[in-house]
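In this document, chain identifiers A, B, C and D correspond to the written order of the chains, with residue numbering beginning at 1 in each.
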Amino acid sequence: MASSMTRFFERFLKIDRRWIFLAIAIAVVIPFFAPLGLPVDVTPPVQRLYDAVDELEAGGAPLLLSIDYTPATSPELEPMSTAILRHVFEKGVRVIVMTLHPAGYGMAESAILRAAEEAGAEYGEDLVYLGFQPGTSAVILGLGVNITNVFPEDAYGTPLSEIPLMEGIRNYDDIPLLISLAGWSASEAWVYFAHQPYGQRVGGGVTAVMATDLYPYLDSGQLVGLLGGMRGAAEYEVLIGRPGSGARGMDSQSVIHLIIILLIVLGNVAYFATRRQRKLAGEGT
Amino acid sequence: MRARTPAGFVVGVLSISALFLCSAALAQEEIEAAPADSLPPLSPPTSVMISDTPNDRGFSINVTWALSSDDEAGRVTSYRIYRTSDPDTGFAFAGRVSPGDTEYRDGDAPEGELVYYRVSATDDVGAESPSETSAPTQAVPQWFNKERINVLIAVFIFVAAIVYFVVSARRGKDLFIRRLAGLDEVDNAVGRATEMGKPILYISGLSTVSDVATIAAINILGEVAKKTAEYNTRLIVPCADPIVMAVEQEVVKEAYAKVGRPDSYNEDDVFYLTRSQFAYVAGVNGIMVRQRPATILYMGMFFAESLVLAETGASVGAIQIAGTDAVTQLPFFITACDYTLIGEELYAASAYLSREPVLLGGLKGQDTLKMVIAITIILTTIVATLVAVNAIGADFMTPLLITQ
Amino acid sequence: MEFSTLIWTTIGVILTLCVYSFLYKDNPFYKFAEHLVVGASAGYYLVIYYYNFIDPNVVRPVFQLEHGGQAIALGGFEWWMALIPGLLGLLLYARFFPKIAWVGRWPLGIYVGGYAGLGISPVMQARVIDQMRAASSPLASIVGPGEVVDPFAAVTNTALGFVIFAVMTYFLLAKRHLGSRGIAAMIGVIAASAVVGYGGYVVLTALSAANVVSTTSILLVVGLLGTLAYFFFSLRHTGLLGGLARIGIVFLMVGFGASFGYTVMSRISLLIGRVGFLIDWIGMFSS
Amino acid sequence: MLRRRLPLLLCFIAGLFMAVQYYVPHHSVQSAYETLLLWLQTLLAFAFLLGTVSLIRVHYHKIRNKAADRGFSLVMFAGLFAMLGLGFFHPSHHAPGSPFNLMFLNVQVPIEATMFSLLAFYVASAAFRAFRARTLEATLLLVAAAIVMLGRVPIGEMISSTIPEATRWILEVPNLAAKRGIMIGVGLGMMATSLKIILGIERAWMGGGD
């Protein structure tokens, strides 16, 4: 019996790695069709960002959402833009969307189209898309002086003066909150060039790996709140009560993390079981 | 020759916006003047002081002021800073800061001209209360950045240590170097590839020469190429950067020439693939599964692709030796490769492989500095702790923390 | 849904599946995607670099006498400043002419030297001085008069680490040929830091006549010194240095494990993103 | 002289200037520095053509030598020349909806993103293969990795609240100490290597030797 166990372990140690690939693939795909709904605890940085958005008045001064992420980091950041847009549209808060990255143009457009369609938000009244302007820091500084200097027209060529939402919106003075979602240093740029000189309240959403680097800004109050990676998006979804791709992603995450740990544990059990056997065999000869 | 484009752009944007804001502010002031029951105008900021920004390239003035007495009550919405070369002809908008702030750095001051500043407290309807005009000063560029003197001293000590040990090595002083397992294996790996009749794959990172790790990788390639040339083993070097490719072609070609086999060098084996990170990975993966190299060396700067490369390499059964200073990628190489040079070991590798006394002397210099650093850290930690618990006065720290 | 969007997305989906087929084994579909992306991206970078550097900084100033939107004079300072990099760039192509191939080393010399020089001082600042400063923080500080010291929190910072270290030392002693001096050195270092950790805590409290809490684990300092010791090349790793280096390896391995575990999440996010892309594509047909 | 000494001299001068400018904020030196930096970047841009020629050469030889996979070399050429054609001969190649950009977004981006996502699979297979408690070092590595992995997902908190705390401690104490030590060591190595290049002690970059 011992030898059959050992043989099993030996075979397990030499398992074709493609079986592992298959297990990972299944673990990723299943939550898309059958969400597990594992509970997610909300952490303070996410709560603070949610509160800042929640304080905005319906139909009042708008949120400026800068969707600065690119296709490479969209898996982590798109769930955030979706959750935030759902939140503001549900509350009737108006929103101005823009991007600092050329590759963010399409990302931002598809995000707002989807959210607006779902919530029945009206373009020009509930949201405006300003598009992309090159020159990160110059753009951020320029918005503090006058938005129309930087974006004379929206992304579709309509002068801002003809858009109802933009009436009375000149610069950061008329924007109570700004959120940047980015997989690069855009969040820092917003802190340096919008918060420092103009006192603009800035919130951020970044990839999980970047989040630890930004915590100091959170402690110093330079960021009002922060979403870190898919987990941050999942927490935000919990707060708005609508689990979406973030929560689903966290299901996959939990399962795959468990699979990897299980593989490590089983690998070690098998290793030690067979090692004893190898030692015995070694003594025999 | 000042970089004109961005500066010109900023000046342009700022002056246009200044004009706009001034006219807007003026227009609003007229309106606001009418109602009698509105709040009294803000009290202006006082004691506006200006000075040339120290240690800068020029064109910059630091402005400081005392808060408006209405600031605490929350009536001030911002402070606006204005500049002029001639106070009689009016002021131009220079910048804006939040209430509570008492300083501003103006980066667009003209050089060699006296300038004057004024700071206005602005309320929520845009009415401004300007301060008195400041005394004039000039924006002056500096020739030496005093804030960096500590770096200069440290670099000087470092250079002295390296040069001293290089020179004494040249005089024939015997130098010891500890074992680096990964590098001892390079010889075996070349031999193994020769026996199996399979090539060696050398990946010199995905960065440019601007990362020093890439330079280290080029140095190591020089040593590796000498060995492969001796054994007449095929060496494949796909490059992710065209300059690195140009240099590495030179390196490998010379190595073959030196062992008297210039004809064995094949330019098609040291080639450019693509700069694009994962397109490069796609290409290298293809080379791995089709050429089945016996040995793969990863030296230099790596990013997220490290594990994709190393796992594919492991799957074709190659002996893998990695070396990188990319802290985030080291765990992946350690997991998937047979040997990994960690951080500084990468930089020691070319000295180790070549055993050239002058290069080994450099290592000795590095070690000396390391010793100095370790002792400094121990001392400053002790002193900092004693100061923090008031066991000794804080003045004691000042000379040690000159690096602030 | 526009038809062209559907076509482009479908192309993306097919190429995505081609790449995933590599997980099974190398095959013509993967080869197709691989060669396509190598060619396309090489072309992409050539175009982007041409339009971002060569065109504005060389071609337009030299031939069209225009730089950054401003006219420049033929033979003027700015014209020469644009011509020089152009000539240096052309020298790179000398390698195609064996007789003058060696002039190709001139631009490479400037390039390699320039970047080598650029690195020295910022590296000293950011990687050495700043790190030393961050490492030299107080191990303890005073708690204000009204505040209560949580003795547990004050010592766990250090205690937890030392328990782990004691266990590890045992294993190290059992397995490694470090020499009796090295083992003695290691025990010495660990014991000394324990004494500094606990004894220092008591002494400091007495010295300052106030409550003292530990703010930075002494393990942080010991680990840093150990890691530095590991990187010592010119001395044999025996005795005190050997003991410290062993401690350094322990810290390095824990650190690498932590980095590995920390990064897994974002890697899985990428896969979830790709799977989401494929599933959205299926959804395109149902809508 | 011109073959060996001049490149070394140019290397020395460029290196010395770049090293010294760090301490000289004066705008005359800083703009010279910016100009030189721009030259270096422009040089890289020129090298891209050199690189592309190398890529073309390798695949042209494959086709000429009737190598087994020569058909795929044609695919490479198709991708390369499509991008070059659309980039250089199509007006407004950089506009959002241009064919050049569409090719980039729908051919290059999906392939590269998928290559990137292979990491999720490889992380698992590498962990399984290498995380064996063979030695003390390997044990530490795998235990730390397992704790941090669990500490980052909700399921970790569900198992025990100490897991996220332990994760934080590992990241903030042993991990930080090791990273700092590596960073200082690497810093010294980088500076020494740069110095040896500038002083001409290390000459591998120009084929080494004398």
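Throughout what follows, contacts are C-beta pairs under 8 Å (C-beta built on N, C-alpha and C of every residue); 3 or more make two chains touch, one makes a residue touch a chain.
This one's a predicted model, so the numbers in the text were calculated from it and none came from an experiment.
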Query raised in the report: Which contact partners do subunit B and subunit C have in common?
Result: A, D
Requested in this report: Tell me which of A-C and A-B has more C-beta pairs in contact.
Outcome: A-C
Query raised in the report: If you average the Cα atoms of subunit A and of subunit D to get two centres, how far apart are those centres in Å?
Result: 25
Query raised in the report: Measuring from the mean C-alpha position of subunit A to the mean C-alpha position of subunit B, what distance in angstrom results?
Result: 27
Requested in this report: For subunit B and subunit D, let me know how many angstrom lie between their CA-based centres, rounded off.
Outcome: 14
Requested in this report: Return the residues of subunit B touching two or more other chains; collapse runs of consecutive numbers into ranges.
Outcome: 1, 148, 151-152, 155, 158, 208, 212, 215, 243, 246-247, 250, 272-276, 278-279, 282, 290, 304, 327, 330-332, 334-335, 342-344, 348, 363, 366, 370, 373
Report summary line: By the touch definition above, subunit A meets two or more other chains at residues 17, 21, 24, 28, 208, 231, 253, 256-257, 260
Query - Where subunit D touches two or more other chains, by residue - result: 22-23, 35, 43-44, 47-52, 55, 69, 105, 108-109, 111-113, 115-116, 118-121, 123, 125, 127, 129, 131, 141-142, 145-146, 149, 152-153, 171, 179, 182-186, 188, 190-191, 193-195, 197, 205-206
Query raised in the report: Taking chains as nodes and touches as edges, what kind of graph is this: line, ring, star, complete or other?
Result: complete
Query raised in the report: Along subunit D, where are the residues that touch subunit B in the complex?
Result: 22-28, 30-32, 34-35, 43-44, 47-52, 54-55, 57-58, 61, 69, 108, 111-113, 115-116, 118-119, 122-123, 125-127, 129-131, 141, 145, 179, 182-186, 188-197, 201-202, 204-209
Query raised in the report: What does subunit C use to touch subunit D in their complex?
Result: 8-9, 11-13, 15-16, 18-20, 22-23, 31-54, 57-58, 81, 84-86, 88-90, 92-93, 102-103, 105-124, 126-128, 131-132, 134-135, 160-161, 168, 171-172, 175, 217, 219-228, 230-231, 248-265, 267-268, 270-271, 273-274, 277
Query raised in the report: Which bits of subunit D are touching subunit A when the two form their complex?
Result: 96, 105, 109, 112-113, 116, 120-121, 123-125, 127-129, 131-134, 142, 145-146, 149-150, 152-158, 171
Query raised in the report: For the complex, which residues does subunit A have touching subunit B?
Result: 17, 135, 138, 141-142, 144-146, 149, 173, 197-199
Query - Parts of subunit C lying in touch with subunit A, wherever the complex brings them together - result: 23-24, 262-266, 268-276, 279
